[in-house]
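What follows is a set of structures to go through.
After this come two complexes, each holding chain A, first together with chain B and then together with chain C.
Let's turn to the complex of A and B:
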């Protein structure tokens, strides 16, 4: 009773009926009642015909709660049969989700396919949650805000690192299906869940916090720090980072050279460097003026391509490079004079 | 089950929890060992979804504003159920907190004089809501997370779910916690704890809040026998996007947006002539539902939800891009509408839990109605009920509440630890029975899909305890919840894995939701008046003679027990609430 199982209800009659009829036919031939035998044979053929026509049309998933969900078979045997499935709402559509799940026991990716009822508003996270709550509770993924601001649901959808909650299903169908996989640029934990410890450590490497010397004012504020609109605009575009990890997953350098600090952390190094309230000054530049810092970046810009919040880490890294070079010139001039 | 020892454990990593960690660290000069336990990654707590801003009187001379006026607005907004001494504490400290966030890196919108800009919000008589575009909560969270992660004495336990709160002889002992990544349980033992787990709006299906806002901290306290306060008051935010419930910030109306019914009228004129769209949320939500009931709404194709329109088209692209960029992005990405050119379909959705764990004015958890304390335990932010919001919260007061009481609790813990030299001991039996709880759940051999219970529960709450309530609906909800609690005994956890078992986590959450649904319903049935967000058809008026008091609810052996606590009134006598 516990496991979900797929049943093909119209098969039951021919499955039981046909062997009995064939047995009766054989008996009747042996006993010499040939005409009765022929009738029985014809009946069994009708059974087989019904089996052939409708056997794979109505596929149900029976849940242990007694509910039944009508479903197009994951592996389509009879093409075109999906059109015959009556849907609860006119604008609903069954979409196959091909989910590549990481199995921690075998340490391999294994594909599960689920038919999911979707409408024009459904996003990939809705689909995955439908799978989890209605047919396969063992599916694991991260999610929380479902409005693209918490950064939990990063995964690879149709080959592109994306946020599941921001990816509309119908607009992103590839050959009538959605393919989902975990971000392979991060260590895998289970199914679509990856390990973020390493990612957070990279972030911390750049000392991502406002550095101030006036500690009394910091903790017991009496005034605001003045900041003009122009000063605000210098770092604002880079402060939108939601730490979803998509850029790191997309970066071709990090994926071949784990030493490289990566786009997310470096964009945050620039965010704090460019903030007029920060007092760390040029030490921030020295901190990332390393091969594994800005200089490993080859400006492939795939990080900026996948960033769901338009942060443009690739641009931030080039800005850091320019600042470092500028700073170097100034230093040389000073040492000469 | 192993035991981990700390000076302070903070449950929850939203704005309240992280602020508390910073101030406890600073007040103790980094000498106390802090554990932050969070069921998500710390920077992903639901505080990131706060949009509109944080209230605080920043420039009283220039804007002609005062903390007294802020207090009055808040108290009137609360329909006089707020404790006025707590409100005074809030408004006095809120400006400091806005500046504190400036000092740790929040990118406040600035005006030409490089002052922090402030915008109009519902129920506030003067624009006093500081904002960072419409992602205020997100920027505050990032600044806090970055600040906390620089502190050596703070250990963050990402993706650890606390499943019981252990209190012995009115003293905090520890939390039993399961590590989602490995599936192993441990006891986080500490001298002090701050619960800061947020609200329980996921009691409802149509809600603005994240999937994770399941009120776990409130439920842990309730199950440990501690009282909850004012649970009947659930805030419905007037403008949640149809069909997905995503929040469209009140700032959209603060910047000048209109609410329009199917006749194209700005119907708020009928309900709050002076404030119009910027009336407090309970009033706007009731107005929207009244319009829909009068047949002046629209029906959403697909979801079948009824709604009215939010019109931002007259604001212009520049204002929307500069001040409301996220709602534009959300509307475009999720329902393919551009608010610069098109109207947004909205209706009220569950948004905030005004009630919560019963605390005193300093956030200390009470063991009874108002006198007796649980030693070493605080509850702050949305999960605690101080109470500054009374029966209806004003928009942007929640972020101030979280940061003000974050600081108060953080400092108080540091002081408490200086004096308290005792140590807790725990028995082996306790460890064994706590570990057993998870195993028992996993070994259950029932037949019911727990997600079926969750969706039925949310449906029950959506249908019966929404903006307008009536006795019959509430009684039906009570019976249904009792049935669902019974059905929960017969659940089955299909996932038996150790690593990242979200099926198990969801079951723990559903158990919490069931407890809280029971409390909300019992409190709602009990209060026979209409006040703030609790609007009962049979009792349409506020009744100060009989009901100017807080509801206190306890979990008893086979149900709920109700008591009352007085409302603390300092300067503002209750008067009719007209806008």
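Let's turn to the complex of A and C:
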């Protein structure tokens, strides 16, 4: 059974219907129509019950399936602070980097504090590399391009998932310090390094490539697949994804329910669905019309908030929901006619 | 080949706390939704009890106030989603500026999408006031 046929009437319809009924109940009571008011209250209570049970299935029962482990409290290891480092240049500033490193042996986040010389152009990755080369070569992190293109250096900086190479140190100082931690929305490996196998599995789930029916043309191309600006506009912003995993880390649903496919994969599902060259058509919608697909998205929009490329995965998921609903209506009309 | 050992902290509802450091609105929306689910189910059963016990029907009114408050962030988020889709991601969206600025949309009507969630939520909050004054007191 399609999830849209379950989630729509049990969560989305009551989400609109119950407030309207409660409003109507209030108006009828204030206007003196007690009996009508009681009926409206009864209807809204039934709506609330359906909403509650469905939400319980969505949020609590579904989430219990996830593995639950707790990180034990952090211990602080002081590796030298700002006071220990001499200031060589007038324009330079010594900043304390509080690095929460995941120790796989103790399974703890251990905070190390390093004093790092920075200038107004320094980004967090510069600081971490300085720590690695000058203070502590054991510090592990993932990075590559250093210019916000590869998406490797995703980490949590001052509590917000960000790319270290795109986060200026001076502009993000909080009480003269920078706090860095690994992305807890991904499985942890060591220090600031997280495992992306699970992330890429989610990405693969949505078949992130163009489907073509003309197989001969596909392998022996003779023509171009031209697109108009309108056709391009439909999917262009979603194709900017660099797979940095920040959206997955920021998503509160992914953090509480491992079953949810997540914003990155879903935005890519829409990206290929909206591409006029793709011939998979409605099957892409059916593929994500699941509770662990689009319907588990609660529209917190944190994914879009942290996306460094302006992909706006939350928008893509809402577009997918809209397309699924439209598609259902069209199918029903066709089956009636 | 060495096997990877990973440690996974995902899965617990306590992870919602992470939202507090960068997106408080999202935290309120998510936390209220989780409480609303429980309160909704309880409200229904208290309403049923109201057929037999007078105290239960009085309690329902207080639960309705709670439900009403818990619904406010849900309504706002729902309307934001509709506005976002209607305005092609310009309002309440986070699309790349270079793309959003070149997008073909009627920019004269965008303010409707911008204001609609606030106005509708305002009406809903007004309803709560009406309920407290007209029904509860």
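Criterion: the second predicted complex is superposed on the first by the 251 of 337 C-alpha atoms of A that agree within 3 Å, B and C clash if a C-alpha of one lies under 4 Å from a C-alpha of the other, contacts with A are read in each partner's own complex, and residues count from 1 in each chain.
Just so we're on the same page, a contact is a pair of C-beta atoms (placed from the backbone, for glycine too) under 8 Å apart; a residue touches a chain by one contact, two chains touch by 3 or more.
Just so we're clear, the structure is a prediction, and the values are computed from it rather than from any experiment.
Asker: Is A:144 contacted by the first partner chain B, the second partner chain C, both or neither?
Answerer: Only chain B; A:144 stays clear of chain C.
Asker: Touching A:104 in the superposition: chain B (first), chain C (second), both, neither?
Answerer: After superposition on chain A, A:104 lies in contact with both partners, chain B and chain C.
Asker: Give one of first, second, both or neither to describe whether A:283 is in contact with chain B, with chain C, with both, or with none.
Answerer: The answer is neither, since A:283 touches no partner chain.
Asker: So, does A:272 touch the first partner chain B, the second partner chain C, both, or neither?
Answerer: Only chain B; A:272 stays clear of chain C.
Asker: Scan A:237 for contacts with chain B and chain C and give back first, second, both or neither.
Answerer: second
Asker: If you stack the two complexes on chain A, which partner ends up touching A:306: first (chain B), second (chain C), both, or neither?
Answerer: second
Asker: Could you tell me if A:252 is touching chain B, chain C, both of them or neither one (first, second, both, neither)?
Answerer: second
Asker: What is the contact status of A:208 with respect to chain B (first) and chain C (second): first, second, both, or neither?
Answerer: A:208: touches chain B, not chain C.
Asker: Touching chain B and also chain C: which chain A residues?
Answerer: 63, 67, 104, 189, 195, 236, 240
Asker: Residues of chain A touching chain B in their complex?
Answerer: Touching chain B: residues 1-3, 63-65, 67, 89, 91, 104, 119-121, 123, 132-134, 136-138, 140-141, 143-152, 166, 168, 189-191, 193, 195-196, 200, 203-204, 207-210, 212, 217-229, 232, 235-236, 239-243, 272, 275, 277-278 of chain A.
Asker: Please output the residues of chain B touching chain A within their complex, sorted ascending.
Answerer: Within the complex, chain B contacts chain A at residues 23, 26, 40-41, 43-46, 48-49, 58, 96, 99-100, 102-105, 107-110, 112, 114-116, 135, 138-139, 142-143, 146-147, 149-150, 158, 181, 210-212, 243-244, 246-247, 301-303, 326, 329-330, 333-335, 447-452, 454-455, 492-495, 497, 499-503, 506.
Asker: Can you check the complex and tell me which residues of chain A touch chain C?
Answerer: 12, 15-16, 18-19, 22-23, 26-27, 29-30, 41-42, 45-46, 48-49, 51-53, 55-56, 59-60, 63, 66-71, 102, 104, 107, 158-161, 184-185, 187-189, 195, 197, 230, 233, 236-237, 240, 250, 252, 254-258, 298-302, 304-307, 309-312, 314-315, 318-319, 322
Asker: Hey, which residues of chain C end up touching chain A in the complex?
Answerer: 4-16, 18-23, 26-27, 29-30, 33-34, 36-41, 43-44, 47, 60, 64, 67-68, 71, 74-75, 77-78, 80-81, 84-85, 89, 92-100, 103-104, 124, 127, 130-131, 134-135
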